[in-house]
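What follows is chain A paired twice: with chain B in the first complex and chain C in the second.
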Partner chain A sequence: MSAAHDLVVVGAGPAGAAAALAAADAGLDVLVVDEQRAAGGQILRTTPPEFGGRRKLPTGYPWAGELLDRARSHPGIAWRHGATVFGILPVTADASSAGGADASAGPGSADGADASAGPASAGFDVLTSDPADPAGSGRVRARRVLIASGAYDMPVAIPGWTLPGVMMAGAVQGFLKSQRLRVADRVVLAGSHPLLLIVADQLLAAGARIEEVAIARGIPSPVELLRALPAVPGHVRLLGELAGCVLRLLRAGVRISTGTVPTEVLGDGRVQGVRLARADRGWRQTGPARTVEADALVLGYGFHPSTELARQLGCALDWDSAQGGWIVRHDAQLETTVPGVHVAGEPSGVAGAEQSRAEGELAGLTIAAALGRPVPERALAGARRRIRSASRFSGVVQRMFAPRREALLELATPATEICRCETVTRSTIDGFLDENPFAGTADAVKLACRSGMGPCQGRYCESAVAGLVAKARGTGVGEAGRFAAHIPVKPVPLQAYVALADDPAEVP
Partner chain B sequence: MSERYDSIVVGGGLLGAALAWMLAREGARVALLERDQLNQHASGQNAGSLHFQLEYRMVEHGWESARTAAEAMPLHLEAAREWAALGDELGESLGVAQQGGFMLAETAEQVEVLRRKTALEQEWGLDVRLLDGDEARRLAPYLSDSVLAAAFCPLEGKADTRIAGPALARGALRLGAEVRTRTEVVDLVPAGSGWAVHAVERSEAGERRLRLEADTVMLAAGVWTTRLGQLLDVSLPTIPLALMMSVSAPTAPFVPHLVQHAGTKLSLKQTGNGTVLIGGGWPARLPLAADGTPDLDSRPTLLQSSLVGNAAAAIGVVPRTASLPIVRSWVGTTTVTPDQLPLVGQVPGRPGVFVATGGSAFTLGPSFARSLIALADGRPPGIDLHPYDPARFERLSHARR
Partner chain C sequence: MPDAEATSGRAARLPSERGEPAEITVDGRPVGCFAGETVATAMLAAGVPAFSHRNGEPRIPLCNMGTCFECGVTVDGVPLTRACLTTVRDGMRVETSER
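Let's look at the complex of A and B:
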């Protein structure tokens, strides 16, 4: 096994790239692992080089091109693309590594600056899939790790949502950005997050017919708009981009309805129509539903941070609905409750690209400082200032577009599948809660009903399951708790475990 | 004022749930107190093997220890009967399937272990027979050619760990028992002819202290048994073992049996949902508390050597598992005792308080429950419990607060 890296960064989005760059500039030896083929994460996703043409990055982020270029060409940063990190294990004194051979080969942590006790001093083994060999696996050792794993679309279970043709806004955009693929011709979009308007605009430009955009919330009140004003300075370009989307949609004659929620997806084997209904200020259906014909429904109610690696490592998390649900607890240095494990970007609270980049920068700097590299106070102050400025904007976005989870949960009828991996319906979960008054956590429901046990590891159903528990027991979602996460955070074949051995000849 | 019960059960794993149900069936007024949620610890995390053959951990340390371990055979025979009838008695499925279990040998040495082990088990009355490799593969075409011999026990099988404990607790509830979760027992003191149980109930709103009284108290606290013993000033020595399990995504049924190995740590089976469960006792690392003792309330750490070893053992005898997608590898903590035999009986010097733990206490849970209830009633238990008497340790060391 090769020597330990000072820092392994999981995720090459704005947070991971900025962290890697800051840390490498300060003299650390950094490895970035990302399951995608190229750096950029969600927001800076581009078509593969085979498509030719110039790289097209979103206009709202003037720093993006330079960040990626500088990071990619930095001699202190190594990249491993196409590899999924499926687990991270602390290296412990008595825990010999896979083959049992190099128990003593831990990284020399004699560095006095690395004073934190516990696992941090011995480092971590980062377990990855092998991009070249689906049966294989890889392992890299790190003195510190940074979880910059981004976010994924918030799932919302409504009747018919498992029909082919129902997709999340982020996925639809991913297809457009990475493959110039338009997922459908006639599309209804429903949601509440501003991304929905951007995706609608992009679908329109790609030649789709937008049948309707159904926004759950009403038109912002003057008071709300006034409260949103502090977000404007420094974000004029972003707001302009959004306004441009709305203008183009309206000019194309697209119907944008506010106070509207989807109540059912219709179709036989694929989406053929969507039922939409009026909703009150709390997003609860008020009027009868009407049918809009379409061959796709795109849902966009927000994002959940990707916290599975932090959970697997045993980091503490906190429930914060507006910030995306369960977010990773951290200190001012962006270190989690597990010494040596840091977090930046969406897992610390969904706040968008600008704030992710600023957090990445701060994390890179503080990790370098913790490992004894000189870091100018000015650089730290600059990163902190950029986080503060970005959070003024993200805070307003979070407040204005916070999902009304209880109302969204009520879109699921008894027959609606909550867990699509294990096909567990709402009535199964409600029934279990009814018959088992002693059960009061999301994990207890998972164990008994299998909801959350499938290949997606509960990413799709966790918030709905916890919401049902909270509703049945009259508690908050935080009290209902979250699913535990284990290795592998994304499935790997059993033989990938064997491939972790240092020396295949030593496999027992 | 405190609430009064005939019996209070401490711990809501399989054993506690079985105790509550069996007690309630006999008409007792029962309360089950569980600190966490039901079934969240060993009982919900284990492999669900119903094994009656001696396990690898019992034969790996030589013949003397195998002979000692075999002394628990009467409990196992009773457990085999118990599980076969339990679902019907309860009126709910526990996912029990007793379609037979193999213990495999891949070397001549292991074949010899199987031969002696089989003979020993047969002496104790277990239905087990030795097959050569081809005979085994005829029954189990999924086995690899490397299998030279197999001991086959038709009684062995599995139960569904996800549902068994909660189903028994529901049964207890239907019979009028109380089941209180998020309720931790913090002290046990004599009160009149019975016991006062002090507990703390936790909720979003905060903590509430409870005082309950009962004629008898049943300790069903798994790895926390020693700690409860300390509340009573009694030494109930247990050794915690953190063990790893893995499960695959569902796949079409191909392994109807329980599969174990005579030369390495392996247990493998396919659940009713089609998932393949792989374990066998590969260790994980238990964190230590500040005082150097195992910290039972923190999460143990997986060891890579166990990931590698367990996967290699499984693929070696059931090659099809190599490409199965694994969705989870987790760690659970279970108890053994210093002499490998379970602890079952009255807590020494504390009449009215009973305890059971140690070893394959998922398989043995229902038998433990039945035995404790008989003892508490002053009835003779179905089997001789003397080898498992907790007093055997009390005689060695006398702990005082």
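Let's look at the complex of A and C:
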């Protein structure tokens, strides 16, 4: 199966859906690929159609229903759901029978659409794999690609975190929202991100016993709250929702401990208890730990952007801890340092659904303009305004809830598994760093210790590995670097490669 | 309607409309479930103690969004298939993985 699209969007969350819609409205032929079964990304997950009943989208995002409905029914947008993009290959100019794919200089180009002034790319081959449907595997030709791959819950390595029953906040919420499944009876939640309180409230409503909510930070100080005020207009509903969660939890008698961190997960074959301890303002353990019995520990310290495709393509990334770690560098048009590759939503910096959607809209418009479609200046200005407005709020959230990474790293003892896949402990990594004083990068540790070489491909250990390197060398995590990503950016079955060979990807 | 009460500690389906009853096998044992559920939901609700193993350690879903691969199982012969992204189909054969 071969096809050529003006734009292939990876990810059907608020960013990808908004981008696809804006681009298709401007006349582009768009394909959206997402591993999930349905559009909506993480935040707009709903029960599957087989469950019947009405679609229930989260409150607080009044635009969500219309965005998804319009995008799904748009004749200019094709969808490939349940398929993983496992790599993207730039097409060299002579390999392309389509000729120069770009019309960056064409009339109607928006301000600065010459961001891709470099060698005009002849497009990209997007490699997809769908284990359940051979038609979803193969390569798709695109003139431009948009990486709207979202974010995943930030991993925090603590002793025992590999025990069955330790789950990320996003996982627990996903099971509740889209599967109507309560993952456990007695639950401890630990973290620092506001999502943790929302999940605790939802678990409570689902009949779970919330044994304790352990928040790493203290209660926001008056100064912090004052600083937050200018960001509030337009987001009152979101803050109100959060306040409602806290109220319901307290009313139900749930213990919410501030300045508290988890120091160990106990259990034999599954979670049976969690050790919690007091922490200072810098999140460092101060007092002795106490045991709380539970069947599950839910972790919610924030999010890391999903940047594997940007890495594999060679896009420049920058380290920004408050924005989620490694984020994809981009210009005002949301084009990355690789011409023709754009980014929107969490990979440009974790900023929440509102900003993801606004960035998606801008990316869709600027890509359409770069491909020579007329795009009204008014539409671009509107998208930019929405990004600015959303970023005032997300900036406050980022500052207020920024993870204290050094302190979290110290929760890992020598025996704690840093790399879950290859079961590499902290002592193995520290030992290697001790014996090899010239090893100064995360990738060096990966090669020597195998941390980052398993099926998750480093998504769950990179930040801790880089943190250990930074600590040993007295540098920052940004200097310790990151793991490189190669095709496949996620493991795919052999059949996916067979599909590639079958498919010479002729451009019609 | 499936029973919302489950053995202590275990995951439980909430009272909710679901799809038609279906059955998959996990390591040869029948596991009842409902159309529209993911393999991860079916296995958690059935109390399967390990989806995969790492160096002998049992693992169950961590992320439920396709990034961690702890839920990797063999589905109808295809290894390392993410249970959290796979919808059940009547008669589906699932094998948990040793590693």
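Keep this in mind: the second predicted complex is superposed on the first by the 462 of 508 C-alpha atoms of A that agree within 3 Å, B and C clash if a C-alpha of one lies under 4 Å from a C-alpha of the other, contacts with A are read in each partner's own complex, and residues count from 1 in each chain.
As a working rule, contacts are C-beta pairs under 8 Å (C-beta built on N, C-alpha and C of every residue); 3 or more make two chains touch, one makes a residue touch a chain.
Keep in mind that this is a model prediction, so the values were computed, not measured.
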{"item": "Chain B versus chain C as contact partner of A:Pro455, first or second or both or neither", "value": "both"}
{"item": "Touching partner for A:Gly476 - first (chain B), second (chain C), both, neither", "value": "first"}
{"item": "Touching partner for A:Glu35 - first (chain B), second (chain C), both, neither", "value": "second"}
{"item": "Touched partner set for A:Arg388, first chain B, second chain C, both or neither", "value": "neither"}
{"item": "Contacts of A:Arg281 with chain B and chain C, given as first, second, both or neither", "value": "neither"}
{"item": "Touching partner for A:Pro491 - first (chain B), second (chain C), both, neither", "value": "both"}
{"item": "Partner chain(s) touched by A:Ala132 [first = chain B, second = chain C, both, neither]", "value": "second"}
{"item": "Partner chain in contact with A:Ala439 - chain B first, chain C second, else both or neither", "value": "first"}
{"item": "Overlap of chain C and chain B interfaces on chain A (superposed complexes)", "value": "422, 454-455, 491, 493, 495"}
{"item": "Chain A contact footprint on chain B (complex, rising order)", "value": "12, 34, 37-40, 44, 162-163, 166, 169-170, 173, 179-182, 203-204, 246, 248-249, 264, 273, 278, 285, 299, 301-305, 307-315, 321-330"}
{"item": "Footprint of chain C on chain A - complex, ascending", "value": "35-37, 42, 47-53, 82, 84, 131-132, 152-153, 162, 164-168, 170-172, 174-176, 179-186, 206-207, 269-270, 295, 306, 420-423, 454-456, 459-460, 490-491, 493, 495"}
{"item": "Residues of chain A that touch chain B when the two form their complex", "value": "87, 89-90, 92, 94-100, 125, 127, 135, 139, 314, 422, 435-441, 443-444, 447-448, 450, 453-455, 457, 475-476, 479, 484, 486-488, 491-498, 500-501, 507-508"}
{"item": "Sites on chain C touched by chain A in the complex", "value": "4, 6, 8-14, 16-20, 34-38, 40-41, 44-45, 49-50, 54-55, 57-70, 72, 75, 78-81, 84-87"}
